[in-house]
């Protein structure tokens, strides 16, 4: 029951928000906050109730739902060590997103409803154990996201929103075909069962099926060259949506690759491992190169996400126990760090109303707290030890080095580049001579801003200094998958 | 009398039509009642159908020309529902246009009767007559509007429809020539026996049938009338065309090809034909819709693309051996889901266009500020047409593509899913206009209760079946099961 | 001596104390950051307290290790595991780390005290002490780390602190740029360290320093792996210790506050590279190629930096190049088997260079400038500073009997034994060192005072309070550390110049690796002293007596002067040519164009093509009735023919 | 169907019918075209007789010649300004080509087919037809009646002028 | 010479295609309608041919079918003429080349 409650808590909150009468629309944020906080509390409770010694899925719920021609789509939820941390990450970032949206005054009911449905969709993706249910949740996120970018965004928001939807739609189109072919072969959508099956006589070669699924996930991750929607979506989305996008939506791609591609078709993953690693390494470098030329803070952060998610793909592709765990850790770390980075950029943008690096500068003097947060997030992003990103990156590198030295060497060069773009950005935005047009702007000062930033920063540090907290949970799940790969 | 009892659902509708004409002629001051009489007739029809379902006494009657089975019952409900929605959505328009109110509703109900007969007919002659009974009133209705476009639409529809009928008839004649009968099961028997010697005739007949019904289904290359007629005809009539006659055509094609032409040497041919037509229809419909500026015309092209989607199910019927009703049930389920969705979209368009006085998509700008409910309703329907959850359209696509994959039509399914990306583009562009654009006029849009009711029913259907599609799926499966029982 | 024969045992100091060394500055840091940012006095004292505790514990540790005759103690704990990956956190104490602890904490403590005066009134006073505490923590963690992983973590954190402190006056564009440059350049070196870390774990499955050392000695790893590992380690060290070709960041780092330059960019942080190489000395011993690379890079760096130092006009930059040069010296020693010599020089250099930097800070405190052309004659105004500065310079120049003499002498001896060419380089550097130091002294403290730099009162970030027109001696909090530091600058050589020290330090190695043999040779000692004296004399002749003017010299050696003044054009090559032109305007731009025009071009293009097709195709829909019918009939014909063609009768 | 009589009759009828149909195609005057159309109808009726369907032949004459052709004439007369020429659109060439193609397909199929034929006429009269229409095909028969009614109602509504409608609205 | 089923069918097919050609090429809507009537006549001929010549349990089927086709043809003609008149009233023409307000 917990999982159902958890997944649909935000949706229920969304319904309540929508039903609020117009004169109470300023209460929308409180309802949203209450709903997401409840979800967060519940997920944390589950996190600690999670039995580390048990293998397999926990908090399982399953019942038949819809008959799709011959066999059932089940309502089948459950979490394991791979998804549990992602669930907590999602609930946490949702709360943070709601908090930093507190100053939204344009149609708040619709805004929060979209945000909450988005949360339900992502939670559903991370907990669904039926492939079609997974797909349902995967698609559910599209329209709220479209509206969030298109209505509450800035800049070329229509273009970006459409681009986002079409990219995802195209990716998921291929994914759907892959899902149906797999399901036809085994007469089930059950991920657990599919994950134990060997496939023979699929309609098209299994490696093609793998590719179909992979494209769907790769768009989301995103992998070069399917990434160009990301900078556009990020730069034009409102802050909270950027946070959700970078923080959890991208992780759906990585999670999907591990949960579906690798677990269900380990043989194919192994055969084509070198390609994934190569693409991952190229993503790291390519993303970093382009990041170095960005002049818009948000686009810069977005391209850096491309680079960082390349590390995830690198870890997955290397198909080692350590590398996969590292990739998972990287997803979590990147979610928090880039989430924080976008929060800081958002706070800054709220005040200065520009994201042009050339127009900014010297903010450390006028807004010391925001500047500190930016520096912190920046260093998290470049993989500073004692912060979450470092553990993740180095675990991936260590895990992948044995098998693909060249790819890891490429990727660690990307780490140097990341120092380049982060520090360049900090130098231009935060440091440098004071600009008097920003005099009189307020620093981070509201409680909701403080709590969102502090919470994120605290988690970044926590994951950086106490990796065992999550590693002990992730590792058994990864080892389960590795058993499949090994055999 | 037992036989009349069997056609009770149709009779109820016809009786309502007659009653309407009578009231219109005798007590014209009571014209406001007319739509309610129509609704009453449809309700009686539905109840009568339910009685039959409750009796569980499925049978064929009239010398085998009509079959009351789960399949036809499914469509009785569907057509009654569609017609009721259309009637509700028409009230405003009919009151405003003022041309022959009684006749309008009577013709709508007559069409409905034709559609119902069409879904139940098991004989080529009956099928032809039922087809014409549903078509001729539609030709008239398409030309019902007083403006020149409406007449043009009616004339175009009729002349092309007549050519299509002639082709269809020639095909039926050939079928009759080969088999010596017009009753579907008997045709099937003869073809199973010695049909292969006359394969050429059968293929030609099949092609002509596909053409004749393809006209109603609106699949490429028989679709070209669709955008013109949808744009020109009164919007409620376009709505009726887009779901009613399309659904009936699919119903009857499924029945003919499944009951009469299911011999292996034929089904191999026509499944391929359907697959190719499906792929072309989707692509043409979607690509052409991209640059449309008139929402009715856009929906016309979209309905061509959707017809291509349905046809995936038809193509899938033939190939699969052990689960060969899957494709059929997919078609039925998709039809039902599509009926809710497309009606919802059209009703929204009726409600909106009436007030803003334009069908141009660009005039929908800023609609959200004027009428959030209408905007959301239309958006929901567009989402459903794209096939995004939580809507009935999602399950429909899921179901039909699953059937396609199971029939080893992976290429077709890939074409289908890619097409839904294109469709996403133009559906979204409508949504974009509504949510983003600005209009000087910020006056709220009020809708009449009748339109509100029809809109409520359809969008609720889209949403509820988007979450709990099982009842609809079971019904579709049960309906399609009659083909397996044979 | 009984000490020598004594058997080394594991030091008995409690593990908690060792952790406390790291923890106490960290606690101070946390308290300052969280509560006392806005209370400069409290922050300052808290910092002194935290580092003081660490310092006291460090001395305790040192004595404990001495008691244990230079034995090794390792306390390790599992941090986290992931599959085969096991990462530990642990502390390792031995002679090397104990000495480093003492050096780091002593210098840091003195600098903290000094900073109370130097930084007084600065807007970021609290922030400054927080950063300093964090730096000390990281440096101590680096020294105490028992495995490479942990060492790498603190290594990077040290880099962070360096970044923050160089960019302390972030409103100065030069400072912000210098901070960025420092971080990125050292990170390029860290790339090697990271690669080495990955390599060694992949090949041996451990990060433990003792195990790695053991593997290197027993030859369990192939020589290729060892060589690459060693080179990776050295790359990291070269970044941190500003070795050629990564030396470019250190002079720019002088944009930071002077008390920062003292511990970080002279005494401790930059020495971390030397420490790192020393830590993995057995590995370098096992790989001759790597060792040669170390030696020659060291030599090149030493010469390069010394030549540049000859022509600098900025007081602090002279010291910076001198630091690079001396670090090159240490590397040279390590490459020449001079493990003990290198550490010895590290220690002495830490003290006298810290002294020199603090002295320069003191000068700046009264003149508001580092430009030697604006100073002169400060001897009479600032006697304490002057005399302590003289002591430091003599020590640096290697004049008997000051500390520098002994350590430098040992390095030259090792170089002589390894390769005569290395000795020649070392000797040349010794001459140049003496020359540029006394050139600086003469320009700064002798002659007429030229007025310093006027205070810009409009600069709200300036913290300068005095009056540059009337220079004065610094307050006691600043002069006291100078005086204290001059003690080891004089005496550290005596204290350490014994076999004891060598044995003690060598105890950190898994076996008495390479005995340096007799570590004194008269020939070397005399020749180097002579060279140093010659350097001093030359400086005196040119700058004090002006027998030969510097201008005429510059004219004679114009091409060289150009080369030196432009730092061998390396900054230009790196930044303008490589980073800005080839990389940013070339390659990255190319990538960006690819992204914008090729990839997005395909994306947008496919959309555009669809629209194009759509708008072309709509022409088919002519509105003419019969064209529709034609399509219809054509469809039938094509259908039939296609079926017959596909599936003949 | 052997023998000279039917043979001659067939060829004559075929000639008349097809030439008349060709006349519909080529005649430049719409009224002439209607006359050719009527001639075709009559020819078809002749075929019906030849196929021993006398009742239907009569029905053909009555309905097609008597009703439909007259309706067409009415229509021509009711649209006086629309012109009486029976010219072709620019689609003539493709239309003819496609028709020829379709004819080729039809003829090929007719040649290819192996009809299971009987030699004797089944001898069906109006009585058998009437019985069939009231038993097996009573349903389509009834539908046809409804259809005619609906068409009538609709046609009347469509063809009424605005003036008539206004009068109707007053009532 | 025996006149067989093929002869009748050929006449029917040719008539059908002639009708089609008329329907697809005439400019006047009423001309188009005439083409359609020709096609329907061709169909009735074909139906009766089959009824006369082919083996069947119920040869009367063809006759019944023809009755229906004739009926429908009449209804269609009536509606078509009504629509033509309706268009004519609005546009003063029944030229299909000019009835093309709805397009693309």
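Letters A, B, C, D and E mark the chains as written, and numbering starts fresh at 1 in each.
Quick note on the criterion: a residue touches a chain if its C-beta (ideal position, glycine included) is under 8 Å from a C-beta of that chain, and two chains touch if they have at least 3 such contacts.
Predicted, not measured: the structure shown is a model, and the values here were computed from it.
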Least step count from subunit A to subunit B, where 1 means the two chains touch: 1
If a chain touches subunit A and subunit E alike, it appears here: B, C
Number of hops, subunit B to subunit C, where each hop joins two touching chains: 1
Chain separated most widely from subunit B, comparing mean CA positions: C
Remotest chain, subunit E as reference, centres from CA atoms: C
Identifier of the chain whose CA centre is least distant from the whole-structure CA centre: A
Top chain pair, ranked by how many C-beta pairs fall in contact: D-E
Between subunit D and subunit A, distance of the C-alpha-averaged centres to the nearest whole Å: 70
Centre-to-centre distance between subunit E and subunit C (centres being mean Cα positions), rounded to whole Å: 96
Separation of mean Cα positions, subunit D and subunit C [Å, integer]: 102
Distance between chain centroids, defined by C-alpha means - subunit B, subunit D (Å): 30
Interface hub residues of subunit D, defined as touching at least two other chains: 89, 91, 94-95, 98-99, 102, 105-106, 112, 115-116, 136-137, 140, 144, 147, 151, 154-155, 158
Per-residue multi-chain contacts in subunit C, two or more chains: 607, 618, 621, 623-627, 629-630, 633-634, 636, 640, 649
Sites on subunit B at which at least two other chains make contact: 125, 128-129, 132, 136, 139-140, 143, 154-156, 159, 163, 174, 177-178, 180, 200, 204, 227-228, 425
All pairs of touching chains, each written as two labels joined by a dash: A-B, A-C, B-C, B-D, B-E, C-D, C-E, D-E
Touching residues (chain side subunit E, partner subunit C) in the complex: 20, 23-25, 32, 96-97, 99-104
Subunit E contact footprint on subunit B (complex, rising order): 124-125, 128-129, 132, 136, 139-140, 143, 147-149, 151-156, 158-159, 162-163, 165-166, 169-170, 172-174, 176-178, 180-182, 186, 227-229, 231-232
Sites on subunit D touched by subunit E in the complex: 1-2, 6-7, 10, 14, 17-18, 21-22, 24-25, 30, 33-34, 37, 40-41, 44, 47-48, 51-53, 55-56, 59-60, 63-64, 67-68, 71-72, 74-76, 78-79, 81-83, 85-92, 94-96, 98-100, 102-103, 106-107, 110-111, 115-118, 121-122, 124, 128-129, 132-133, 136-137, 140-141, 144, 147-148, 151-152, 154-156, 158-159, 161
Residues on subunit B engaged by subunit D in the complex (per definition of touch): 7, 14, 21, 28, 62-66, 98-100, 103, 106-107, 110, 113-114, 117, 123, 125-126, 128-130, 132-133, 136-137, 139-141, 143-144, 146, 154, 174, 177-178, 180, 194, 197-198, 200-201, 204
Sites on subunit C touched by subunit D in the complex: 624, 626-627, 630, 633-634, 636-637, 640-641, 649
